Amino acid sequence: MEITVHNHIVQIAVVTTDSRIDAFSAPKLRERLDALVAGGANRFVIDLSAVPFIDSAGMAVLVSLLKKARVADGEVVLVWPNEEAARRILRLTKFDRVFPMADDVESALIASTR
Amino acid sequence: MEITVHNHIVQIAVVTTDSRIDAFSAPKLRERLDALVAGGANRFVIDLSAVPFIDSAGMAVLVSLLKKARVADGEVVLVWPNEEAARRILRLTKFDRVFPMADDVESALIASTR
Amino acid sequence: MSYAPVELSIPAEHRYLNIIAACIGDLLAREEGLVEPAITTYNIQLAVQEISANIVDHAYGAASGRIAITMQVLCQPHRMVIQLLDTGVAFNPASVATPDLDEIHEGGYGLFLARSLLDDLSYNTRPDGNIWRLTKRLDV
Amino acid sequence: MSYAPVELSIPAEHRYLNIIAACIGDLLAREEGLVEPAITTYNIQLAVQEISANIVDHAYGAASGRIAITMQVLCQPHRMVIQLLDTGVAFNPASVATPDLDEIHEGGYGLFLARSLLDDLSYNTRPDGNIWRLTKRLDV
């Protein structure tokens, strides 16, 4: 009897911050995410739960990551911000229809491996 | 056999806020405290734990209350602010030597009944 | 109640734009009678962030300059009016269309957000510069 | 690094003074290399609160007016400099003694706090008004 065991490892980069994501800080976030993509990462959970504010420059960074991740057969799951006003902006711009959304990191990780 | 039971009730006003106490808000706090004094209160716990900022106008309200409370044989116990910078100001001005200080409301209540 | 304006002037750089939001937040924190104060404050802050980031990126671009901001709470109707003055290049906001929200884009949400979140957004080119005027009702 | 100044002008009323603190907080939030950033920020905010509340209460009193504030981070040494200009009555800060801290007082802590929390506090009367200049080192 020959038995083959194949260990399939799915690596997911969980990115968390409690800072404003705006035109000032977005370039730093983009740089960090680009470095992860360059290192081979293609599955991401962006934990926005503690983010107090996100502007369109910050949202552009998320879209840029999504495009790169999907080209590499990956995915970007967003964890909803706790800040209700920020949630409404993600709905207004229909970002919640394009990104898989999760209520917390745990469910985001489950969604990422599906 | 004659037995006398005397119920001694000590009433302590516990005053809590999570707002800045400054030259703008201090008059509102003073008014509220003065109304309690006018109503007969003489024992106070001022819970500063969640106060993010207190200026000298706010501190003046505390001193004013202390004077009124002590005239009426009462006391004012302060609960230390969580904000380290605010704690340092209470030490710098030696307020912590004049007011009985407590780490939380529970120990402030115990101190108030001594 | 109506109040005298608060005036702010900052270098036209992204690192200073959070100061405008801070002023708006602290101004509205002491204003009574707001409907959904947290949401309203956030929406005004986001609209101003978008307009001011555009001034830095597009009106000034590589050039340096300043942004002069006036903020005022007015009554009848109860509203906040914010004006932003820059001396960068002029443009025509009417030329910017609403993004197609069924497609995802890497940009082009700024003016859409500002327009969506405000009750009125006007732009004028004057001899002393370009002036944006943002109006948000506080009582609805 | 040194930066261009942020300028703010507010009505001389207590309800607006928190805006100065908000600007300082957001300016320092993006400044690197601060020693004890939370404590330093708080101390600058409290010193400015005391000086500006005195302007409202004592320089203007019942009169109305405005306070013009400039805030700037400078280098060599790394420090924050804040100037407050008012057009109220002039006075002599040297005439104000340190309160006796072993007695409790209902007032008189304002200038003491500002002096204690800053590295330098100067006051000058100029033709355009009274100017307070507050300096706080950020790297010690």
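Of note:
First chain written, first letter: the chains are A, B, C and D, and each begins at residue 1.
By definition in this document, a residue touches a chain if its C-beta (ideal position, glycine included) is under 8 Å from a C-beta of that chain, and two chains touch if they have at least 3 such contacts.
On a predicted model such as this, the values are computed, not experimentally measured, just so you know.
For the pair subunit B and subunit D, there is no chain touching both partners. The most distant chain from subunit C, with centres taken as the mean of CA atoms, is B. Centre to centre, using the average C-alpha position, subunit B and subunit C are separated by 42 Å.
Spacing of subunit C relative to subunit D, judged by their CA centroids, is 28 angstrom. Contacts with at least two other chains are made by residues 24 of subunit A.
Looking at subunit D, one finds that residues 15, 18, 21, 30 touch two or more other chains. Listed by label, the pairs of touching chains are A-C, B-D, C-D. Listed in rising order, the residues of subunit B touching subunit D in the complex are 20, 22-24, 53, 55-57, 59-60, 63-64, 66-67, 83-86, 88-89, 92-95, 98. Within the complex formed with subunit D, the residues of subunit C that make contact are 3-4, 6-11, 15-16, 18-19, 21-23, 25-27, 29-30, 66.
Residues 14-15, 17-18, 21, 38-39, 42-43, 45-46, 49-50, 53, 56-57, 101-102, 104-107, 109-110, 112-113, 116 of subunit C are the ones that touch subunit A when the two sit in their complex.
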